[in-house]
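All chains are identified by letter, namely A, B, C and D, in their written order; residue positions are counted from 1 within each chain.
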Amino acid sequence: MSALILLTVFGIIVLYLGFANNKKILAPVAITGLLISMFLSIKDWNLGSKYFHDMMIIDNFSIAFNVSMVIITILIFLFGVNYYKRMEHHVAEQYALMIFALTGAFLMTSFSNLIMLFLGIEILSIPLYILAGGKKSSFRSNEASFKYFLLGSFATTFFLFGIALVYGASATFYLPEIKTYIAQFNGHLPPMLMVGLLFILIGVSFKVAVAPFHFWSPDVYEGSPTLVTAFMATVVKTAGFAAFYRLLGMGLLPLPGPLEKTLWVMTMLSLLVGNLAALRQTNFKRLLAYSAIVHTGFMMLAMLSQHDSSASVLLYYTFVYSLATVPLFIIFIYMKRASSGLEELSIFRGLYKQKPWMAVFMTILLMSLAGLPPTAGFLAKYRVFILSISQGYLAISIFAIVMAIIGVYYYFYVLRETFSESDNPNPIEISRLNSLLIVVCGVAVLLLGIFVWSVPI
Amino acid sequence: MVALISTIAWLVPAFPLLGFLITGLAKNRLKNNQAGIIASTLVSFSFITAVILFFSLRSSGQDSVTVTLFNWISAGDLKIPFAFLIDHLSITMMLIVTGVGALIHIYSIGYMHGDERVNSFFAQMNLFTFSMLLLVMGANYLILFIGWEGVGFCSYLLIGFWFKNPAFNYAARKAFVMNRIGDLGFILGIILLFFTFKSVSFTEVFAQAGTLQAGAPLITLITILLLVGAVGKSAQIPLYTWLPDAMAGPTPVSALIHAATMVTAGIYMIARSSILYNLAPITLNIMIGLGLATAIFAAVIGLRQNDIKKVLAYSTVSQLGYMFLALGLGAYSSAVFHLTTHAFFKALLFLGAGSIIHAMGGEQDIRKMGGLRKKMPVTYFTFLAATLAISGIPPFSGFFSKDLILTKAFENNPVLYVLALGGALITCFYMFRLLYLVFFGDQRLSSAHPHESPRVMTIPLIILSILSVFGGFLNIPELFGGKSGLGEFLHSAIISKVTEELAGSTEIGLIISSLALLGLIILLAYRTYVKKAIIPAEDSKSLSSFSKAITNKFYIDEIYTALFERPFGFLSDFFFYNVENKVLDAAVDGIGTATSRLGGLARKLQAGNMSFYLFAMVGGILLFIIFILIV
Amino acid sequence: MILLIILLLPIVTGLFLLLLRNPATVRIIALTSAIVNLLITLGLIISVPSASYTVNWSHFMGTQFSLGFDGISLIMILLTNLLFPFIILSGFTRAHIKIPVLNFLILFTQSALLGVFLAQNAFLFYIFWELTLIPVYFILLLWGGENRRAITLKFFIYTLTGSLFLLFGIIYLFTLTPGIHTTDFSAFNQLHIPAATQTWLFWILFVAFAIKMPVFPFHTWQPSTYTMASKQGVMILAGVLTKMGIYGALRFLFPIVPQGVVYWQNTVIIMCLIGVVYASVIAFRQTNIKRLIAFSSMAHISLMAAAMFVLNYYSLQGLFFQVISHGVTIVALFYVVHLVQERTGTLELPQMGGLKHAAPNMAILLLIVVLGSIALPLTAGFVGEFLIITGLAQFSIWFAILGGSTMILGAIYMLYAYQRIMLGDINPAYIKVKDIRALDFFVLIPLIALILILGIYPQPILNLVEESVKAMQNLIPVN
Amino acid sequence: MKDISSAIQLIPLENYVFLSVALFSIGMMGVLFRRNTIAILMCLELMFNSVNLLLTAFSAYHSDPAGQVFVFFIMIVAAAEVAVGLSIIVMMKRNVDSVDINLLNRLKW
């Protein structure tokens, strides 16, 4: 709890530091705040404390996810040091908004009451609407922001409607109570409750961009400032899945048959649509957006294969996925700068020639996303498949494997560009801090893939 | 004595191998005739060793000695030692191979003199001799097979010796591939033998062969498979067409490989397996048919060939047919006898032909020769001796061997005799046609200045002619007061079929009648080609359809091309362009392309239009609501 | 521990190479490392009957990092370590850019391959299995020939497709293991899987190997990949990588899904034999020499695959012998072909001819290698093919005939290719072509010597696998 | 409090549900079919309010204050959201001088 409060405080501090007109101190302060709150979080390990009439339960699950998100945020902030160098005004707001969003994410990992979930989602989302429109004069940023906002609010209304219906049926917002309430129907739920639950699930699905509620994500990813995209693709996705899992694990599992089937359909659709659309994608950010949709599918697979270790797998998957995605965005932004603002895949040409080591790490990161050994991405997928196969979902696993194969195509397409000769070789300059960041992430992805298999939560 | 044999047997193949290594590795250093001298000397050493082995074996009192060098392959039941079997049959073959081989090597020193790749030539010849010795000395079928393939390969090398000429290379490949077709049958036969007897060693297989029922399908299959190998190697119908083409090689090669030794490997192998073949009457009958057909068919083609080497080539095919006939009749030792005499006179004929070609400056067309009798007396007389021998005129060697076969044919069935005799008469005719055209009349090619060949070439000719004349005495039948020496000698290694002996009077009657016919034929040839001096027509002249067919070798090559070569090419193209590219690869690529197309469509779904997104979302929600309420 | 050294020596050397700049030093260090590894392997074969190295990797997943070997692995390790010195040596000729990277990738491949052959755990096996693809992909992508971008991607995706199904199979088997789940081969081997499951599981597992080998309908990646691959790339691919498929099939199919094998045995053998004939026939009309050899290699590998599924004593002995012999021969063959390409600047047969006039020694060496490839007796190829055909004949004489047809067809296309390259009239374009140089001798003479020595004295190899073959052969009930 | 509850309970629950569903649908239709972003925002607000109504009704029927507490939260959040939304619209108006939703289609495929 202290972590959450501290985070809020630091958000406000950073916001006020904006008046100091000193960009250099923003990131250090923000990162300090994040580090402190991380340690405070870790201090609560194994305590299982409850707050606000049990509306929040901070258990190991939430701590693990919080720490993972904080680490990723730190990476993004470090990235931001260089990214915001060119930006004259309102840099403090950027950091502050991200910290606020992180607070929302914290709520999402530790709620046990639907009100808290709603608040978490909204606290996460509203700063993001603003962040997405961060480039005020850019029409694309503007469009992304508005799309995200409108679709997001629209989904929120359904979510709320769902909560209302569930509340109407069960007279409570507490997940454990809802669970006992549902249990009494023995699988045959009244329509109102069923629809209510469906709406809740859809609301969360929208946040994690599961097909067919994924339409916002490619556009928003593309239009938003790259740093924000990185934040959305990683932290927001992690938070969304933490919330999703908590929702299911604390309240809704075992899901009534129709709802479970619905989720399976959504899983398969995500894998399919994301992959297919990514195949012919030429814009790198969109490509990562579609790839994120596919990864969502895999995470759904892990989540729906209900097992004791599902949470651990989910955490591992999200963390590893984020760890590979952030540095890819960093490399992307430098390539974009070197090619005067283009975002096509072809901008990666010549990277190997100029910065062979960066190309090597890019390879590792892409391999991790594609799920090839010996990277952590492979281990993550391996564990997902172990879950799904051991739970007997053979056909779906085969389907997912086929999808993984398709995925390799576009990741390696990018890789191929990286190792190709460039027609127009502009010098690529990567700041030392960011190079280090990429290297650290790449090495981490490798070492995690070899040595770290799971986190007990 | 046995110890001596075991000690020195390996030297026989080792000498030519050494020669191959020396001449092969040092081929850029050897000058003039050095390579030829080294090679000839080593083959001669080999011959001397073989002679020593021969006498040792006779005095040892044993029928056979097995010399094991080392274990070649040993896997499970399959134990194949690298071993030599020295018995009467193999020693005979060794003597022929090394003896005739040494003469031909010596001859080649003169013949190949001045060729820029003479060193390679001798290296290859030595390698051939080595392989051939492995073939005849091997103590089991697999060692035999090493030699078998080895000689095929050397034949490939030597046919294509003048590799500038694509036609020669083609001929070489053709020879190798046709041999390989036979070899496949052979190796399968060996494998079946192995599974039947758990061994491929001659002694063990033959010792157990008695346990099999005569005419059992298994033994028939095995013998037929072995026969396929022999048919390929010994150029029988239908796999004979490579041999005439093989004349592309230098003439000593034709003498050594395509007359005296390699092509007789099939005969040797079947004679070696006589015990098995005695158990397979069906196979024997097939061999009679094949042999007779080949003998006559090739002889007929030989009638109208105008290339001196081609005539001899078809004659070789034809004579091999006779040997097959003898094998089919179960008269294995007669076949080996004919093999021996044939080795002498056919080698002589080829070497003589080489001498002529040498003298004519490379010209091989007999229509352009003539009148060489006076210019090249040694060649003429030796060639004459060989012609008489092949035609079966007593007391030349061919008479004894061929007569033996004819007699056996008569014992089996008079019809066979008549056919075989017919073939012999045709042989006689085309050989004398050749002789007359080449040596009689006037010289028809003015540009050439024929001269007698150097001594290094004529001496082997003379030695071979002596052998051709007197070789028959190796095996004088009892009818003429002999003891069938060779036949008796081989008796320990070959089990011939026992047939009813003809009465002596019948036999004499047959001989006399056949001799009369032969005389007529020679006269006919003399009248045609010497008296009337008819020169065979130019290729372009129009001929009656039958003689045209003969001149064109019954279009067999063309038929094979149309039946096998072309369809194979078509098939290859079809597989590659249609199956591989349009079906298999296209299927794989098609999956990729289809997915990619779908990808394009899926991308278009993301239309960028807000209203559409909202509708899609609501649509999705509605569908799911309906779904959960229905299910 | 010695196994760990064998496994890690190449990759560690490779990483070290990345720090160096001087090409000559890099090459020599790489070569030394490969030779040292070969020597260690030989020492291992001679002296150590068995060795293993196990550390617990993850209790949680029941996975151990465990290395070990039996006769089958030894053969494969021997092959790998035997060929890599030559593969590295053959890179001494042309001045590539980025020599350290190239040698690093080659050594990386070597380590990964050794890992595949040493792994005693399916998960570990799979890691290394995939890991081989990565360096090979880059070798092909960075040093490949025409149209390499599309072809390498196809190669990669195609082989990966199979691998992922294998992964599915491994995980499925993992979930079947009793008690605490594990991926150890020893645990897999003791599973008793219902026959119905085995029939489909067979294909899940086999597809990866079928693609890697490749077996008939799964081969379409191969010809184009071989054709465009660089010298060293194609040597690795054809020499060792294809053998991975065979090894994998031996490790997975026969011990784990024996009934599946019995069920599909005839189908697969027929597929393989179709492949033998099909590839041989296609090879005949190929104009690109590397493509031709690619098809020829496919024919040989298909025959080996057929031998594997016949699974009797002789076929297996022949298979393992052929593994070594084919590896050595095909590497030598591709080396010579690349020599020819370097001299003439083309791979198209119609543009060649008459090279023997200028380069007689090259012609002789090529001829010997060709002979090895068409299995002339006293070359290594013969022993292998003879044993394989014997094994096939024990199963069915018709299969033996089909398989044996490679003897004829191989002779047809290989000699045709030889003739097109070397023989014929003097070609004015190639008069000044240089004959082979010292380096080529260093590469080719030992390889050719191996081809001949193994052909004359095959016993050491046959003895090496004797025990494993006997064990293997008992896995499947005789039908 | 009790009186209000009982007063609310005089009207059957279904009516509240139907009403809010109707409101929700009207809002949804508005969002779907209107092109003016301001109007869309208002429709969104309508949807939020229909939820509020529903929650209040349920809260009354269950005699449970939690629902009404939630309504407050929703109102706050909705207000914040509208504020952000309006500012985005202002930004949009500055950029393209229009608030038509169909202008937002540059990001696609």
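A few comments on the model shown:
One rule holds in what follows: a residue touches a chain if its C-beta (ideal position, glycine included) is under 8 Å from a C-beta of that chain, and two chains touch if they have at least 3 such contacts.
Quantities reported herein were computed from a predicted structural model and do not represent experimental measurements.
Counted as hops between touching chains, the shortest connection from chain C to chain D is 2. A count of C-beta contacts for the chain pairs A-C and A-D puts A-D on top.
Separation between the centroids of chain A and chain C, computed from CA atoms only, is 43 Å.
Chain centres here are Cα averages; for chain A and chain D they lie 27 Å apart. The distance from the centre of chain B to the centre of chain C, each centre being the mean of the chain's C-alpha atoms, comes to 37 Å. A straight line joining the Cα centres of chain A and chain B is 78 Å long. Within chain D, residues 28, 31, 101, 104, 106-109 each touch two or more of the remaining chains.
Of all residues in chain B, those that touch two or more other chains are 603, 606, 608, 610, 614.
Across the assembly, chain C contributes 157 as residues in contact with two or more other chains. Remark: chain A residues 115, 118-119, 122, 126, 129-130, 133, 136-137, 139-140, 142-147, 149-150, 153-154, 156-157, 160-161, 163-165, 167-168, 171-173, 192, 218-220, 222-223, 281, 286 touch chain D in the complex. The touching residues of chain D, when paired with chain A in their complex, are 13, 17, 20, 24, 27-28, 31, 37, 40, 44, 47-48, 50-51, 54-55, 57-59, 61-62, 64, 66-67, 69-70, 73-74, 77, 80-81, 84-85, 87-89, 91-92, 95-96, 101, 104, 106-109.
Every residue of chain B that touches chain A in the complex is listed here, in rising order: 595-596, 598-603, 605-606, 608, 610, 612-614, 616-617, 619-621, 624-625, 627-629, 631.
Interface residues of chain C, counted against chain B in their complex, comprise 154, 157-158, 217, 219-221, 223, 278, 281-286, 313-314, 317, 354, 356, 371, 376-378, 382-383, 386-387, 389-390, 393-394, 397, 400-401, 404-405, 407-408, 411-412, 415-416, 419, 422-426, 456-459, 462, 466. Remark: chain C residues 58, 60-61, 101, 123, 126-127, 130-131, 133-134, 137-138, 141-142, 149, 152-153, 156-157, 160-161, 164-165, 167-168, 171-172, 174-175, 181 touch chain A in the complex.
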